Structure formats: C-alpha cells, structure tokens
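Remarks on the structure that follows.
For clarity, chains are labelled A, B and C in written order, and residue numbers in each chain start from 1.
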C-alpha cells in the first residue's frame, strides 16, 4: 500500500529501536535474569502440564464467549442511536481496570450464594446459585473482557464508511446481505486481534481464576509462577513457565496475523451510519434486548461496588488521598510513556514493513509480548537486574510507570499503528513531495490524524495503570503507596468498609482519567 | 533542462511498463492511455515515489533514480489528499516554502501573492473543508507556484471537476507554466484534455510508454494501440 | 519521550530527598505490608522506638509474610535491611539456611508463647491460633472439630486460602497434618465438598465471608477481638476445635550484614518490651509474645482458648509442608 519512499532515518532507529529494546528487556530480559539468578535446577512436572492445559482451556473458552457476546452488543451499539449510548461506551471501560479482588466481590454480589440472583430465585424456592468452578472462571473473564471486545468491534463498525450503508440501502439490501457484504469482512479483520488480546489477558489471570474456580483445579500458569518464586524460590521453574507463556503468545500471535485479513473499505467521512435495514421491529427488539442484558451483566457488579463504597468514600483517611495522587501521577506518566513508545514503534514498523514484511510482523508480535508476560516475573526480574546497582526505592516511580506503560502497549499499539498507517497512506506522498521530514512531518502531517487514537489509548493506559498492583509491591518505598496498594493494606487490617470506599475511588478516578484523555484527543485540531 | 528515462522497467502488481525516451524543456506533455495502463506509475517514478526495477532516471545529466521526491526539480499535484484538512489554506500553501511553517513577513506576502494569482483573495484563513473541490485544487496549485520547480506534474487532479471548471483550471495551469517557463507533465485518460492544453503526448498502453509525439498529429493519425483505446 | 523521562527523574529525585533528610543513624526494618499500614502497629512502634533510640526507624512493607523471605533471598547480603520482622516458624529454618541472619543473644528469660522457645537467631514478637470464624447470629451450633465440619450438611460452606500463596492457607495445611497425620488425606477428601472456594490471600476470603458468601472462613482465633473491640460487634466467633489449634508464631531476626548491629539489637530488645508489646493486641490483632504487665485489653477474655496448641517443630516444617501440599492438591483436584 505504501506509496511513500520515506527511508528509515536514525531517529526511527533510535526511538523505535529503544522502545523495542525496552520491551524485550522487560519481557524476555526479566525471564533471563530470573533464570540466571536461579539457585536450583528443576523441570516441569505432570502437575505443571495440567496447569498449562487448564490455563489454555479457560482462556480459549473465555475469549470465544466474550467475542460471541461482544459482536451482537457492538452491532446494537453501532446501529442504534439512543440517549445514554455514549455513557454506556464510557462506563464500559470500568470492568476492565478493576483490581482482581474488587471484581471478585462485585461479581459475587450478583452471582454469589448470597448475591442478587440467589436472593431472587430463593423466592421461588430455588437454592442458592453455585458458580464456583470452570463456569465461574469463564464468567469472570467474560465480565472483564466483553467491554474491551465490544469497543474494538464498535470501532470496526464505524470504520465501514457511511456511504457503503447508503449504497446498500439504495440497492435494497436486506440485513443479512449487509452482514455478508459489509459486516463479515469487517469482523474477519477485527475478530482475530480481539481474540488474541482476550486470550492473552486470560492467560495471565490468577487471583480471579483461583477465587471463582473453586479450588486448586483452577490453578493457572501465573499461580504456578507465583508458587515457584514465593513458595519454593525455584526461579528456574518460574522462568520456564514464563517462557511457555511467551511461546503461547508468539504462536497465537502468528496464527492471528495470518488469519486476519485487512479491511478493504474506501475512506469514509466520520459520521454515524443511518441503518435503514435495521428499522424493522424484530431487529429493534433483539438489539435492545441484548443491550439490556449485557448492561445488566456488566453494570450490576459495578453498582454493588458503588453501593458498598459510597458512604465510606466521604470519610476516607487522608493517607488515601496521597495514595490517589501517587496513582494519578504514575498513571499519567505511564500513559505518556505508553503513547510515545507506541508512536515510535509504529513509525519504525511502518517503515520496515515496506522493505521486509516478515520483520515487521515479528515486531508486531513483540508488541503483544507484555500481555503474555507475568507481572510477577517482570517485577522480580527487574528487581534482580537493578538491585545490585541502585536502591529499589529510588526508582520506584519511573519503574512502575515504565512497566505499566509496557503493559498497556499492546492496546495502544493496536490503535495507533493502523491510524498511523492510514495517515501515511493518505498524506505520506504529499509530505514527501513537500520535503516534510521527521519532526515537521510528524507535527503537521501525522499527529493531527493520530490525536483521537492517541487520546483513546492514553486514557486506556492511564486507567490500566491506576488499577495495577504489579511491580509497586517490590519497589515501593516506605511512605509511597498507590491506591490499589492502599486498598489491600486496608483489607488486611480488617478495614473492609474503607477498602470499599477506596475501590470506588479507584474506579471513579480511572474512568475519569480515561474520559479526560479520550476527550482531549477529540478536541479540534485546526491550525488557521 | 531535460528528463531522460533511460531504459526503465517498472512493475506494479502483475504488469510491467517499459520506457526509454527523453523529455525536453518547455513542452506541455500529456501522459495518455487507458486506466490501469501505468500512467500514474510512470509519473511516480519520475517524481520519486517509486524506484524503477531497472534503468535510470536522469535530470539533465544527473542520475536522480534514487533521489527523494522533495529534492527533485518537480512539483506535483495528486488526484486527492493534496491538502492537510487540519491546516488553514494559508498554512497549506506555506508548507511549500518551509515544512516547519516558520515564515518571515516577506514570505507571508509571497503566500498572499500566490493566493491572489489563483484567484483566492482573502481566503487564506479558511479551512480546506470550507472550500469547493475546484477551490481546493487552486490552493494546491498556489503551493506549486511557490515551490517554483522547473517541472510541474499533474496526476489527474481535475478529474472530478465539470468541463467548464476543468478548462478554467487548465487555463490557470497553462498560465502558471508559461509564466515560469516550466515543463508540464499531465496524466489524463481523456484525449480532449490532452488536446486542450498540451503540445506533446506520451502514449502509454500495453506495457509500453512511447516517446513524446505531437499531440495534434497523434490524435489525428492514431497508431493501433491508441486507436483501440479511443475506440475509433 | 525524553520529556517524560526527565519528569520522572525529577519526581524521583524530589522523593529521594525527602526520605533522607536527617543525619541520625537509620535502622531499616523490613516487614509485611499490614504491619506498616496506618491501621497496623507500624506508626505507634516507630514513634515509641524513636523516643528512646536517637535514631530514625524506617519500616518498609514488602508484601506479605512469605514475600519477605523471597525478598531477602533476592537481595542477599547487599540488603539495606538491618532487621526482618514478620517471618513465621514455617519459614525460620529456610531463612536461617540462607546464612543472612545473625544470632541474637539477649532473649528474655520468659516468653508468653505456649511452646518452648529455643531458637538462637529469631525472636518471637506475637503469636496466634488459626481458626474458623463464623457469624454467631446465623450459625448456632458451630462444628467443634474437623470431623464435625465434615458431617455438616452439604450446603454448609467454608472459604479457605491457598497454601501456596497465603500464610493461613499453609497454616491449615499443617494443622490437619499435625492433628491427623496419616489420616490427613481422608480429612481433606471429607472437607472437599464443604470448601466453597480457595482464595489467593486472606483478604479475599475474609471479604467473601463478611459478604455472606460462606458460613465460615479460615482466619485466627483473635479475629473476633477486632470486631468486639474496634467495632463493638459481638457477632463474630471462632469455632473451638477439639483437635486443638495450629499456632502461628511471628518472629524477627537481625541481619548478619547490618551496618547498625547495636541499633538492631536495641530494636529486638525493645520488641519484647512492654512499650512494643502493648501495641500489638489491638493493632496486629494477635497475642503479644510477652503479656503487658496490666494484662490483655478488654475483649480478649472473650476469645476461645484452644484445648491444645499444635505446632510442627521448625526443623520439620519444610518436609511436612511438601508432603501435606501434595496430599492437599490430590484431594481437592478430584
């Protein structure tokens, strides 16, 4: 596609290359550090293989079900226009960033033995619901991931030019014709990537899988890694398991890139599509039914978090507000870092893709690696790498921001790379013919086209960072806490009600940060 | 000034195009041929967006085969995406002077002057979306004016305009080219456009770009490949 | 990107300068998170010790108890820590084997720990019993043994913690092992249908219990004390088991590589003094290792007293742990 003859300049090598190097250091580098630091040798046992099998099975089931539900949900959101549509889309960001423990308690408030549903069916003499087991694990993962998948598909739908729908209406296409000619090609382009993201997210689940899995049957690779490091101090096994996670990521990533077919749609103007075909009552009814069910499924647990936390929220101790400030600083830093890294990597990938498609494909998969990385391995590995040289406390803030940025990179890369490719396709030749290079090119030709995706991914990165409890536990100095850390400290001191207040604060701040960044990206960028 | 296509071979997807001829100074030349015949591909090679598989592109006696587009003695107008939608008309034109948009007062005056010459007085602060399609291409032409290159290449920028408007634009192009004593290379698939403005035509059909020939003569006595395209 | 790095570095620097503002000698104590939190013993302990030591006491939270040892293993002799506070008897042998800890000579003659304390390196500061906690307004006849628990109807559910990631979880494992020995697998098989789920840590389990998700949760006999004293809530009780209850003894040790050996010794001396010990019951919600002279706080007298204190000697804990874990995994994975 690329008409542009832009060469790879040193700046692309330096910025893009260092982003890649950093990513490899955080993923493979930390695994190697652990392996190198290991004191005992060990090998994987049959129990470990059972763990690996369970991990893959639950991740597959969770990803498939999430996508199966997200597609009709996104379609309903794409072809209906109603009040509150935007609100639903914004609030959908919330489940995704919930700390494990908050999500578990929220889900149980609805689905648990004394949850809303159990209480409801008790009126009919039906016995309490028992979701613990494989179903519980999948239920929780679907709760986490439907919103993400839905957003990706909604974007896919809005990428189909309005003009196409108009043409379809003109030609008298029925809904199923539209599905065949317009929607299915879009789904083929979007679904594999969405599947990959969710699959990998579910691979590294631990606390949620265990709590709702009902026992050690629900042991995931991440728990095995945790056990290897914390219980047995067996760093060899931890690094072996981490490598298996990476291998899974690489394998699934490669398959996805092969399956995904790029969309071949003309460039449309960004408008909401009017769907003449979907005016029929039966489609209206199905759309609103699906939306209602999905919203209940997603928002009831959130409502329980709200109810639980709203009163303690107003009497939270002052230390919590300092922790909130720390969290916001770290989140903002890591959002900035994540976006900068994605832009540097995208510019590099786009230029390499012109020469060597295979190399750029491999680089794209590397961009996904952090999803398959165990936060525990990254934290411990970084600790092993840095401890001989510098006090962990001195680098707590940058390290946390950096790791959180890397963790959100798969998402921002997924959004920024296609946007940058489009900008280069449309305006690359013009910029070339005007001799716009590097900084001017970025500032005037690319950045204005990137603002929206950048705002969206910065928001996502900030929200993800807010809820993260990864490396901070190893690096935090005595008087620095983040909100999730504060919440766990409160819980382990029996302060369950204050902890609920902190959970609500955490969710609110995350959604607010997401909203601010996302809106920032929508500001008009006109230079008169 | 001259541009020499020295035995070049271009491939694009499944087809290849070969060309071996020289373009002399001061002509207005049409690149004429059927859609998909490789007109734009040839123009891309001349403008520097595509490197030929074989052969060389010479400017006077200098080999410019791998020279970046902006350094070539060429100004170029595309079919679309000639303007950045987020920059005002003025800024879009100013990009032709400095890609970093830092202009002196004198340079700002040059921009205004270019606007006047394409008939868009006082429209500098508008955004491209506030202009009609024809006006947008005038802005792009104004930028070509500023860049003051010996060769102007047009890749069917007026294809979407009506006949009257198109002639108006072609007149403006002719005026600019004559005023600057520049050479014009213009892609078109319509013989009447070629006839309207050019004196020479490069026929591009069936994998071959022929040497420039007199437009009037060529259209009066079309060779077989052209006749087949014209349907005569 | 550079802009962000500069910003990050600046913020770090600002942070680092506030942390080293004083010239007094500094004693660094690594401990678990809940110890240093505003609701734990940390703030009062820091204040009390700094009044007598002419030093700056730096309490560093490093995750939970099990994370502490891992942290020390990762840091090795280079560690900034002078004292580690918060290991328990399941870990002391492994901790001693790292060679990172130095003996402590000044152990008080009597400790109010219900077992003979002979360890030369580690000194206990508090202890407690693991127990199942229930809501006495909902459950009138709580089970009084593991066998009684097994005999409860099948909709009676307990939440426990995973021994691989949680201290109470490991405690329960050793409790069953010590009480039943060869019969442990049988007990676990019997318990399996009663176990609603297994959580990563104590917080998840306790939260699920207070939400009414399960009838009993694995915790400590001292948990009701929190509800009685801090919340004036009498509804939580610990079930007293005929087999006796497994103990957790929490200890601290001085690091061999410390650059403040006298100060470290002074801290360990202080740790069994009344000033420190009187802080423990109502902040860490455990029994102090040396009872304060004016007795335990009101409310503690309502707690159950186990008929027998069970503990596997530290030197056998590791071996027992691996065997018990294998049995546990087998019984619950079925």
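As a convention for this text, contacts are C-beta pairs under 8 Å (C-beta built on N, C-alpha and C of every residue); 3 or more make two chains touch, one makes a residue touch a chain.
On a predicted model such as this, the values are computed, not experimentally measured, just so you know.
By count of C-beta pairs in contact, A-C exceeds the other of the chain pairs A-C and A-B. Using the mean of the Cα atoms as each chain's centre, the chain most removed from chain C is B. Chain B and chain C have CA centres that are 79 Å apart. Distance between chain A and chain C, defined via averaged C-alpha coordinates, is recorded as 35 Å. Chain centres here are Cα means. That of chain A falls 46 Å from that of chain B. Among all residues of chain C, none touch two or more other chains. Only residues 15, 37, 47, 100-101, 104-105, 108-109, 112-114, 127-128, 132, 206-207, 210-217, 223, 226-227, 229-231, 233, 317, 319, 329, 333, 336-337, 340-341, 344, 380, 383-384, 387-388, 391, 393-398, 401, 473-474, 476-480, 485, 488-496, 499 of chain A touch chain C when the two sit together in their complex.
The part of chain A that touches chain B in the complex is made up of residues 3-5, 7, 426-427, 429-430, 432-437, 439-441, 444-445, 448-449, 525-528.
Those residues of chain B whose C-beta lies close enough to touch chain A in the complex are 44, 47-51, 68-71, 74-76, 78, 81-82, 84, 86-88, 90-91, 95-96, 99-101, 125, 127, 143, 147.
For chain C in complex with chain A, the residues that touch the partner chain are 1, 3-5, 7-9, 11-12, 15-16, 19, 33-34, 36-40, 58-64, 66-67, 69-71, 73-75, 78, 80, 155, 157, 162, 164-165, 192, 195-204, 206-208, 210-214, 223, 226-227, 230, 285, 328-329, 332-333.
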